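The following pair of complexes shares a single chain, chain A, combined with chain B in the former and chain C in the latter.
Let's look at the complex of A and B:
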């Protein structure tokens, strides 16, 4: 089943750590957001192939799709 | 054991079998009759600590509760209060017995009243082993800690009633399974992999709350905790290794998946039971929000009610701002945490590891809310907000005038100046909002000594499920 990774808070996309189509494991960092003066890693909660839905410099709102893991 | 009990013990779902597996081996003794009331209650030991327990009987009418069964549960509560012992309830019940009508509803009401009478006086733990609906859902919800085994389900009304009333088609797991209550609703504190694991957790918690010990019961070894923080001040990290490093051995984390931006764990320090509340920068940057404030508030009140000292690990950038939070009631629910700490009388030690900003600084057991002691690691910062963010507001005009090229260096210069005036740890000590700087190498022993020296008071209040 595909896992949709969504933003937990409003933030700037500071770094995209994974590349499109990369294999990831549960717990791997996908993207690092910047908000509240903190670097906030977004981690995978399942293993699979990742598809990234945002780019560095984007602003994400709470609930926005960041990546899909299949 | 009588003949009836022996044959009943053959069914692993029978109350006799479940209670025998819950208590330390061979210590269980029934205190109510083994009959068709649908409930069996008894006493025994949990890791050596005397405790009371009862179990609903899913082999009779799906565990439904009638007047006699409800009386057995109330009797178990009377015994727990008389003994001052923790009480554990094993739940697998469809709720009220339909055939008994309003009489069974009255009985369930008497259970709720008994639970509330005992609230804050003796620790109450619930283990949900199978589908538990209606009264069997609210029963566990009124207790201090709810553990759910893999087949446990909690809902007000089951899928059949939902379908007939609203037409909504939903299965039991989606309605009230582990994902629902462990992550979304916060009804369940602990999810387990098996029934036996659930019993083991219940014994551990009964022992932690019922036999708290004192600092010095086990030898305390200082370890350097500094390596558990990352080098960069903005870098996120998982606080769990720090919480576990502080405790004698990894504790029992409650509400692990619900509001994971704050961690609430029961464990032991120097042999004494303590509760740890810690911001977790890995989730939401460690911000406080409506849900995490409510989770921490309930934990603080639970610890206060049972005389468990608190250790508060602070690394918080602030309250999460925004529309979603305000609409979620961050003001109302955040106020619960302020109230919980301010009324708390157990020894409670705060340790600021990196930063404590703004309203969240106040809420995390600050000096003003009555902390026994506020400690800080070298380099920690206490401020209304981060220094760069502060000078952007304080010196907005000046920064606008210099132009973009020079702005970053001016910001840093002003920030350094501002830190000296308002944010540094020296200033915080001068004002008395931080008592001491403590080295990460001696943190365990300093906190343990502070707890041991403080009056071992206990809050006089119930433990409403906030």
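Let's look at the complex of A and C:
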């Protein structure tokens, strides 16, 4: 089943750690968000192939799709 | 006195500085980013200059733009607030080079205090107690391991050029030191562009106690008492109080004298803070209390209002006077703090995990009344954005005794209404009823223990 990884808060996308189509494990850091001078790592909660839906420099709103893991 | 001052900052501190500048009959000029245009500090200033886009590098951190705004608006002096460019020696020099007055210490003093290893050695040479640690910056892990053997475990590993708790970690043994060193060096390089590391003996369960100093125009450095800043999350302060509940008058006098010497060692001018770690175990061991220099902040601190509440001295006014070469408006030899003051930093963050929570402010009702002071950066209808730190307001209270201050704080927290985003007000409700905090017997591990209990 696909896991949809969504933003928990309004943030800037500081760093995309994974590359499109990469194999990830549960707990791997996918993206690092930055909000209010704090870095917030977004981690995978399942293993699979990752598809990244945002780019560095983007602004994400609460609930926005960051990545899908299949 | 100057005719006009440009305030190179935003939010609550810009508004707080502007308030004093205007009270002194001086014109206050704000600078701001595009997303901050509706905030009170921009609207209340006598003049405001748009710097650029929201990202700090495009606005509040852009030295050329800020200097240009100062020239264009005819400002005679620049107040940097805290954070952003306040401890940037290059900016201080650029202000001077543009023919403007820098409201702060000399660029040389900023440089000396900005390097933690240099600062330690300098103040240590002037008789300020320092914890055992490395006298030279450590740049590779094998040297760190050797130095660790000499200094002794547990060790605090931190970036020599850093601050704000970033990249700091504790090592109990050589194995942990290797890991901590790699992490610290990585952050140090990325955030401060300086990979040098400082190793210091770690003081377990310490209290963070700092002393407010003021360098006067005539060259004297005076101390205005202490603040206890041990309530911290992620090595960052959340609440502060003065006086520190566990200091004896003798220990206070020793700490104030040490802080004054630290200021004198760099010919300090204006408002600054000398931070110390106080070992609570040493309070009962017959030594009268042991404390160690941590760092010096060459600027106004967030928590300066609690010193103002107990001393009656407006620190921003004294900063302007010192910078203008004028004497202070209080008698430095007769500073007599009265009562007890507490500051609570009202952050836009969830009160459990302390994660950022930017968003709209749909309701904003501040508490008021005797003994209550609120320095707020926002009002109803504003939006707290993700670009800057989460501080929305400083809720400060003053009472004749600590118990009275605690009671006023509880009422003020209950009366503060913020809706539309998450704030840490519920955390303060917990804090003000926490047995350790209420007893005054707490240290920098307090918040972690509260979270382990809840």
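Operating definition for what follows: the second predicted complex is superposed on the first by the 70 of 70 C-alpha atoms of A that agree within 3 Å, B and C clash if a C-alpha of one lies under 4 Å from a C-alpha of the other, contacts with A are read in each partner's own complex, and residues count from 1 in each chain.
The rule is simple: a residue touches a chain if its C-beta (ideal position, glycine included) is under 8 Å from a C-beta of that chain, and two chains touch if they have at least 3 such contacts.
Keep in mind that what you see is a predicted model, and the values were worked out from it rather than measured.
In the superposed model, A:70 makes contact with neither chain B nor chain C.
Using the contact criterion defined above for the overlaid structures, shared-chain residue A:12 touches chain C, although it does not reach chain B.
After overlaying the two complexes on the shared chain, residue contacts for A:4 are found with neither chain B nor chain C.
Looking at the shared chain after the overlay, A:40 reaches both chain B and chain C. With the contact threshold set out at the top, residues 8-10, 35-38, 40 of chain A are in contact with chain B in one structure and with chain C in the other. Touching chain C in their complex are the following residues of chain A: 8-12, 34-38, 40, 59.
Chain A contributes residues 8-10, 35-41, 43, 62 to its touches with chain B in the complex.
Those residues of chain B that touch chain A in the complex are listed here as 232, 234-236, 281-287, 317-318, 320, 322, 324, 386, 388-389.
Contacts from chain C toward chain A in the complex involve residues 348-349, 355-359, 385-390.
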